[in-house]
Structure formats: C-alpha cells, structure tokens
Amino acid sequence: MLERIVEEVAPLRGAGVAADYIPALARVDPGRFGIALADLDGQVHGAGEWETAFSVQSISKVFTLALVLAGTDESLWRRVGREPSGNAFNSLTQLERERGIPRNPFINAGALIVTDELISQVGDASGDLLAFLRAESGNPDLRVDEEVAASEAAHADRNLAVTHFMASYGNVRNPVPEVLDQYVRQCSIEMSCRDLALAGRFLAAHGVRRDGTELVTNRQAKRINAIMLTCGTYDAAGEFAYRVGVPGKSGVGGGILAIVPGRCAVAVWSPGLDVRGNSVAGVAALDHFTTLTGWSIF
Amino acid sequence: MLERIVEEVAPLRGAGVAADYIPALARVDPGRFGIALADLDGQVHGAGEWETAFSVQSISKVFTLALVLAGTDESLWRRVGREPSGNAFNSLTQLERERGIPRNPFINAGALIVTDELISQVGDASGDLLAFLRAESGNPDLRVDEEVAASEAAHADRNLAVTHFMASYGNVRNPVPEVLDQYVRQCSIEMSCRDLALAGRFLAAHGVRRDGTELVTNRQAKRINAIMLTCGTYDAAGEFAYRVGVPGKSGVGGGILAIVPGRCAVAVWSPGLDVRGNSVAGVAALDHFTTLTGWSIF
Amino acid sequence: MLERIVEEVAPLRGAGVAADYIPALARVDPGRFGIALADLDGQVHGAGEWETAFSVQSISKVFTLALVLAGTDESLWRRVGREPSGNAFNSLTQLERERGIPRNPFINAGALIVTDELISQVGDASGDLLAFLRAESGNPDLRVDEEVAASEAAHADRNLAVTHFMASYGNVRNPVPEVLDQYVRQCSIEMSCRDLALAGRFLAAHGVRRDGTELVTNRQAKRINAIMLTCGTYDAAGEFAYRVGVPGKSGVGGGILAIVPGRCAVAVWSPGLDVRGNSVAGVAALDHFTTLTGWSIF
Amino acid sequence: MLERIVEEVAPLRGAGVAADYIPALARVDPGRFGIALADLDGQVHGAGEWETAFSVQSISKVFTLALVLAGTDESLWRRVGREPSGNAFNSLTQLERERGIPRNPFINAGALIVTDELISQVGDASGDLLAFLRAESGNPDLRVDEEVAASEAAHADRNLAVTHFMASYGNVRNPVPEVLDQYVRQCSIEMSCRDLALAGRFLAAHGVRRDGTELVTNRQAKRINAIMLTCGTYDAAGEFAYRVGVPGKSGVGGGILAIVPGRCAVAVWSPGLDVRGNSVAGVAALDHFTTLTGWSIF
C-alpha cells in the first residue's frame, strides 16, 4: 500500500516551495518524497526515500511536550493553553492579549515554554530529546544538523522577541539565550521517515514505549493526540482534520508525523510546502492513506 | 448505560450557571439533565429528561450548515473559512483583520453568513430548517419559542454589529434585519434530546437521512464533523476534543449534540454552563459515554 | 493675502482624489478651491470659490461637540475619551479593546456618541445644529443635502456596525437607526467657506458667539481646540500639527476648518484628498497661511 | 513667579506614586519638587529643588531625536512614523500591524530605532548624547547613573522583545544587545531641572544652540516640538495639550521638559506619577505656568 501511495502522489512531488527563511533548508529539492509506517509491535515499513534524513523542525515539539508531561504530571498547563490559536504561528498580538500565556504548545511561543520547562527538568533539553529519539528509533546516529542550527540561530529575532516578551510577563524560567539555543537545536535534529514513525509510535500505543515502559499515561497520550489534531498543522488544522482525519504534526522541513491511535504511526516527507507551511505531497499522501485504510475518524 | 451516566453525572447537576444574557433562558433550573442516543437504524433511547424541550441555540448552526451545503455544493466556502478561531465567539477584531470573512461557520459571524446563504436559497430559512428538523425527528410539533426569539431580538446589538460589519465588506446578500430575524428564529427552536439525536443522526450515517435519501455527500458529512470537532464548543474545542474525543456542537441553552461517525448521534442537555459556555454536566456525560464505549478517537 | 494663497496653491488644485465611497461626493471636480477668514469681530474675507457650498461631512463633528458641551458641562466625557486613536478612523479593534468607549469625539465612533448625546438633549440633533450654524453664519439658507444624506444612509453598514457594537456595551442611549439618521444628516449639511469660517469663529473667541453670548466656557473652547489639534485630521494629526501648527478639523468633502485662538477662524475647501482623507490643496493653503502670518504655534 | 508655582503645587506633592518597575527609581521620595526656566539668552532661573539631579528616563528621547536629525536630514523617517500611537507605550500589537515601523519616536519602539540610528552615526550614542548635554547645560559633571542603568538592563525583557521584533522586520541596523545597552544608558542619565531647561532651550530657539551654532534647522525644531505636543506624554497627550497647551516630554523619573517656542524652556520634577506615567505635581506646575503667563496655544 505504501508503494501505491508513492505512485499516487508522484504528480504532486515538486509542488509547493521549500521553506526559504532558513538558507540551509531552502536548498533541498522540493520533489523528494518518503513514507514510513510503524505498527504497535514496533515493526516499520517504508517506501520512497524513507530512510533519508531531513530536518524535523516543528515535529520535535511533539516529543518535547511528551518528555515534559512525563516529568511533571501536567504542571505545564499553568504556563501554556491547549486551544487552537486562529492566528499565524508566530503572532505576538494574541500573546499580548493573553498576557504572555501562549494558546497551545505547538505555536512557537508555546513550544518555547515547553523547552524552557524541559531545561528546568533535565538541563540539556535537546540532549535529553536526542537520547529519547535514538532509543525509540533504534538509530544511535541521530544528531543535530549544526549548519541548520547555526542558520536558525542567525535568524532568530522573531523567536527571541516572543521569548523576551513572555519573560516580561514572568513566564520564562531560564535565561532567554539558553532557551533559544536549546529550541533551535531541537528543531535542527535530522531524522528519516523510518526514525520518525518509530519515535512517534508510543502515541499510537497509549503512551507505552517500544521497551514496554510507560513514557506518558494513556490520558496524557490522548491529550497530546488531541492537541495534534486541533493545533498540529499551523493555520490549517481544520482542513487537515477533514482531509486526513487523524492527529498530525507538520514541520517546515517537509515532514509530517501522523498518529492512528491504537494502530500505528505514519511519517511522510516531501519538502514542497503550501502557503500555510505544510508539505503538499505529504498531506496528499496521508489523505490517500486514511482513505485506503478507512481510518479517518469522521 | 444511559441510566448509569445519569447517575454518574448527578453530582454535577446544578454546577455552572444558566445563560444570563437572555432572560428567557436565565430562568431555567440549571440542575435539569437528559440524554438520548439515536443509532444508524433510527432507533432512539434516552434517560433523564430526554423528552423535555429546550432552546437549541447554537446547535442549530450544524443543521443550517448542512442544509446550505446540500443546496450549494460548497460555494459557501468563499464567504466563510473552516479553521478554529482562537477568540471569544463574538470577537470583531479577528473579523476586521480578515476583512469580513469569518473564520468558521460556528462562530456567530460565520453562522450569520450561513443563514444569509440559506435565505438566498430558500427564502424562509428558519421555516426550511424547522421542516427538516420535524421530518428527521418525526416530531411535527417542533416550533420556535417566540418568547425566546423576542428576547434575543431585543438583545441583538452585538450580532447586528457583526452582520453590518460583514455587510460593509460586501459579504452579506440579504437585508441585515432579515438575516438577524431568521438567525434569531433558528436559535430559538425548541427540541428535546430525543428530537436532537434523531435530527443529527444523518451526520453519523455519512449524510444519509432516515428515509434513505442523501442530504449531503459523505465528504460533506466528514467536513461538518471535522468542523464540529475543531470549532464546535466555542473556545474549548481543544479541551472537548481531548475529554470527549468525538465531534460535538454545544449551545448556551445547555444542549450538546455529539456525533460518533458510523455509529450514532448522542444529545445531552443540562442548563448549567461553564465559563466558556458549555454545559458542565453535559460535557461530563459525554466524557463518561465515550469512556464507557471506548469510542474516543484518540 | 488670501488671494496670494490662492495663487500659490494653484499647482496643487486637482491633486488627490475626491472621496469615492459616496457617489454624490465622487462627482465633484477635485480642482475647485476656496478660502475664507473670519476675525473676532465677525468680519469675513475670502478668495477663490469661497461662497460655494460643499458637504461639510466630519467638520460637523466640531459643532455637535460644542453644542453637547454647552448643554451638559462635560458629562459626555464618561462616554468618550480625549486621546488620539492611532488607527484608521473607523477601526473596530480599538473599540473592542476599550469596551465600547471611543478614543475621542472625532473618530466616527466618538462622533456617533456625541450625536446620541445631542439627541438626548434636544431631540432633533441635526435640526438644532442647523439652527446654530444658520445663526452663526448669518445664512438662513443652510440646509441638508438630501441626495448626499440618502447616499450615505445607503452606505452606512460600517457606521451601523460601530453603533450597534457600542450599544452592546450599553454606551448608546437612543435607538441605533435614529442615531444614524441624525448623524448622516449632520454630515450632509452644505456650507461655503464663508459660512464655515463664521460658524467656527467662536472657537477663536474663547467660546463667545457673534452676538456676544457664551456658547461654551473658555476652558471648553480650549478643550475643543486641543482635541482638534491632536485628533482633527484622521491619521495625520501629527503631520498637520507640524505643517499647519494650529487646530484643524477636516472632512472628506474637502473642507478644513482651522482655528487660530484669539485671532481668527479660517476655512478652506478643495475636494482632492490625500490617502489619509485630507484635502491636498487645503492643507497646503493652511501651511502657507500660518507661514505667512507667523501664527504657527511651534 | 516660579516660587509662586512651588507654593501652589505644594498640596499635590506626594500625590501619585514613584515608578516601581525599576527598584532604583522606586526608592525616591515622591514629594520632592523642582522647577527651572531657561530663556532664549541662556539665562536660567529656578525654585524648589531645581539643582537636584534625577533620572531623565524618556526625556532623553527628545535629545537623541534632535542629534539624529542633526546628522541625517530626516532619513530617519523611513524607519519611524510621526503620528500618535493611541496605545500603551510598549504595545507590540500595533507594531505587528504596521510591520515593524513604530508610530513615533517617543514610544519605546521608536526611541529604540532613534538610538539605533544614532549608533550608526556616531558609535557611542550615549556618550555623544552626554557630550551634548554637558555642553548645553554647562555642567561637565553630568553622568549615567550606573545603578539605575544596571537595574534597567536587568528588567529589559519588554524592550528586548520590541527590538528583536523590529529586527525580524529588518528595521534594526546594529546588534540588539548594543542598541539596548545604549538605550538604557541614555535613559539613566541624571540631570537637574536647571540642566534640563538649559539643554532643551535650543528647541525654543528655533534649533540654535547657546553658542549660536545651529543644531537643527527651524523646520526640524518645529517638527520635534509638534511630535512632543502630540506624542510626548504617553497616552495622555490630548489631556496634556489641553491643560498645559505647549509641547512637553515626560519621563518616569518624574521630570517633564516643556517648550514655549520663541520664548523659553521649562523643566519640572516631582517623582509622584499618575496612572499614565506623568508627574502629578509636574503637570499641575506647568498648567499654572502657562495659565499665569497666558502662553497656552489654545
């Protein structure tokens, strides 16, 4: 079935444009495509360039959120909301109206709070994240792409503004430069569709990792999935919910992680983005997938 | 099972407050409660005060949306978006930023556009809605509560502001007073949980009515369900998605209509509202229901 | 001196565009020009088309404000502020943030409150205004241009939205349609530069009318002049203060009334507007005037 | 006359509260008061504590603006506007709507741009400012209060947010930390009423310094005065224009510099602030002053 999806989305490969605000991402060929599926048993299958590493970018927010919830039993929710934002992903207007409390953990402001919380818990947040991703994917070679990280750090004014702004409301615990550094590093991790599907599998498995231990409770896994469905794809969550019908989180590197609760995790990658920052061929592939399987929730 | 839910939510009955901006609604005892379930075969079961009529208010927006989509094959979507709003349900700021195009059909602004479109299609929008609801529920006595309608018409400044504002951007087709009148009438329809579950059943049945005819296509039914999940409960859609895990639409009369696609429609009613305008005991009852059945989608 | 100004602004006549949102105004030749000066003794001098009547539009807001202050001894200030708005003249966002209290009496929202207050005081607000303007100008033929009024009433959605919105906060006393009707009529009054300079003379005379009676106190006249300087020319008040250096109020009919406290009132008219809605040749003429006389306050 | 003003405002001394967001300022006794007047000849007179140094804070914005205009002949105006803002002095919402271009040079965002421009011109902006202030006041001991500077640098998150935000739109030339450092240093300069009146005298003298050289042109001096009148006292510019009737710039240290064009500069100081951040006794003293002299412009 995955091979069939590769064929069906072939006409869409190259549609859209690669993210251009980070030079290191802008150079990627928008026509590339890969897809992988990890089932509850930890088996993984793939098609296309499913073993090629790409920059996960905002998809990392799903994992830092899970790691923080694993550590704090939801004290995080005093510092960040859980509702859709209805604005461009980096708007400061909404943050001002709500006095420094971001709407949800997947807009940049919210993800910066999550990273700040993870720093408070473990110190080296991106290192902790990398250790988790290596263990779950079984790939000890996962690493931060230092060129991408440097490129993002050099274009971080908007995120620095957001973080200092929240700090002015007392909603940041650690020094702003440290929060930014860890945030940039987490976004710059490189993973393949294979790695990503395996790493996200625990969200399909009610919070249980491949080794059988519980990372988060069933309730927390439901929580994360619900936030993915309502807030995971920037300002296109309603459209994604309709077309794909399962929780998903996209990144401007062109990747999308989708979760079918109780069944599997699916990762797709194609760098051509639509105007809202989601992979054109990636969304189409997931649309085909849920149509073929009948696993849409609507 | 419905009886068990009635028992379990008993401690919550009376929590919250009845909507107070409409005098006719404010007088209702917040401790009342009813629940009904309609399956795909059109069988309906209930518990508590499931045959008592209450004011459907915003739940009517689901039905006008379906009627418009049945008539226009989605031309509506040039006039209203499909994304969560992230704002109070009657904010004008967002409407100004997006130049008169409401974010989705379930905030007041969007529902007023849907009503305007339905007037263009059929003339007497609330009459058309009533005919549909009577047919689907098998209850020929469904009617507009004229006292509630008069009360709402007398407190309509905010909705009048919203409608004139959209008209100033050219996004209203019919005279503003007529749109308001029809909108107020549709919100003031009285239905019981029984009526409501039967009327919403077609959304669980992929768009097919009790008599076997298709009201909307399967794709359109999916669309409506997706909008219910992401935008159906004011500024608590993320929380509702997590707790209940199926599409739902609430009204300030205390009712909620929830859809389990492919299985059934469930209607609950209890007038005590939380700060975001959703029924306290109603949400709790649906939470119990999806937990007991395992039908949460996450 | 007035003749010299007519010559100096001749190259600018026809620059800009006549207001196009009201058909009756859009037909006026943008190249027309007139100027008149009324001194404290009530002598009036003019040049160009200084006796041609034009639509005063927003300049009427100065007079309704004075009439209300004459009647209420400033109780108005609980319903409207006195600070510059920093926004387009018809923005609803600011009004929402400040919960239905307009920033100042010269943005549309504020002027609608002033009209509402005048209706409460005298009933027929535009009739009362007309009586005052006829008396002060000595021109018994001043009248409402009914074609302009009808045209504005037919394009009033934005102002209706603003008024209903304020009404939803409890800040409107009279029925919205009546407020709008009176507002539209006051804006549609036709006056010449001659009439306007004579009618505005009392603001240069510390509140004293031509017949020696006091319309407003010296403090109130100062107040009105200060509001004209900081808020009188839409989103160009800072620029007008710098270039012209005296209080002024413009209208989209192309007129501007300027006050030199203790000396005179000057009225100019030329229908070509800049992007901010102020008369191009009119502002230039006032710039010349204050430069020639040395009466700029800076 | 100055002694008489000291007596008249005596009952107001201690009204209001000292700025509390900077610990070093919060410790000052709010009851202190001084006033000084410098005439065109450079003669200076004073009363009360007119030779006691205090923190000039935002009053420094007048001088950096003049220094930049002296150097660039108004190229600055592509990066910052000249209109009142109508918002709290540190709002990011307006800055977002206008894409990183602040409304005027006296809100924090605008002043940060002015400092950035001055750094580009002279390198050590606060050093250049100090040199100018020493020369104009004839006081070689003027200096930065390092304790205040350190205190402000430690509470700079809001200003850092604003500056990074403008940088994200490409409207900042120098490194953000350097701009902030220079901005904090300029605000932390200590001056007495005597020093301040002498330093501001050139704005009353059409741009000409005490030594007879021209700092800015007459047009530029008019420009600065006009911006002071419309934007110099945070969100109370309309009220200040009415009560005082001449251009003024306040600071949260309790100082106000007022300019009577062609006549004199007046500086007052009293640390008790009203809710909008302006000195209670200071505004009252200037109100008395312009009433006694008849120099109000309205």
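Which chain is which? They are A, B, C and D, in the order written, and residues in each are numbered from 1.
Here, a contact is a pair of C-beta atoms (placed from the backbone, for glycine too) under 8 Å apart; a residue touches a chain by one contact, two chains touch by 3 or more.
These numbers come from a predicted model, not from an experiment.
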| item | value |
| --- | --- |
| Shared interface numbering between chain D and chain A [over half = same, under half = different] | same |
| Interface with more contacting C-beta pairs, comparing B-C to A-B | A-B |
| Longest centre-to-centre distance from chain B, chain (CA-based) | D |
| Distance between the centres, which are taken as Cα means, of chain D and chain B, whole angstrom | 56 |
| For chain B paired with chain C, centre-to-centre distance based on mean C-alpha positions, whole Å | 47 |
| Distance between the centres, which are taken as Cα means, of chain B and chain A, whole angstrom | 32 |
| For chain C, residues contacting two or more additional chains | none |
| Listing of all chain pairs that touch each other, if any do | A-B, A-D, B-C, C-D |
| Residue numbers on chain C that touch chain D, as the complex places them | 81-87, 94, 103-104, 221-223, 225-227, 229-231, 235-239, 241-242, 245, 247, 261, 296-298 |
| In the complex with chain A, residue positions of chain D that touch it | 91-93, 95-97, 157-158, 160-165, 167-168, 176 |
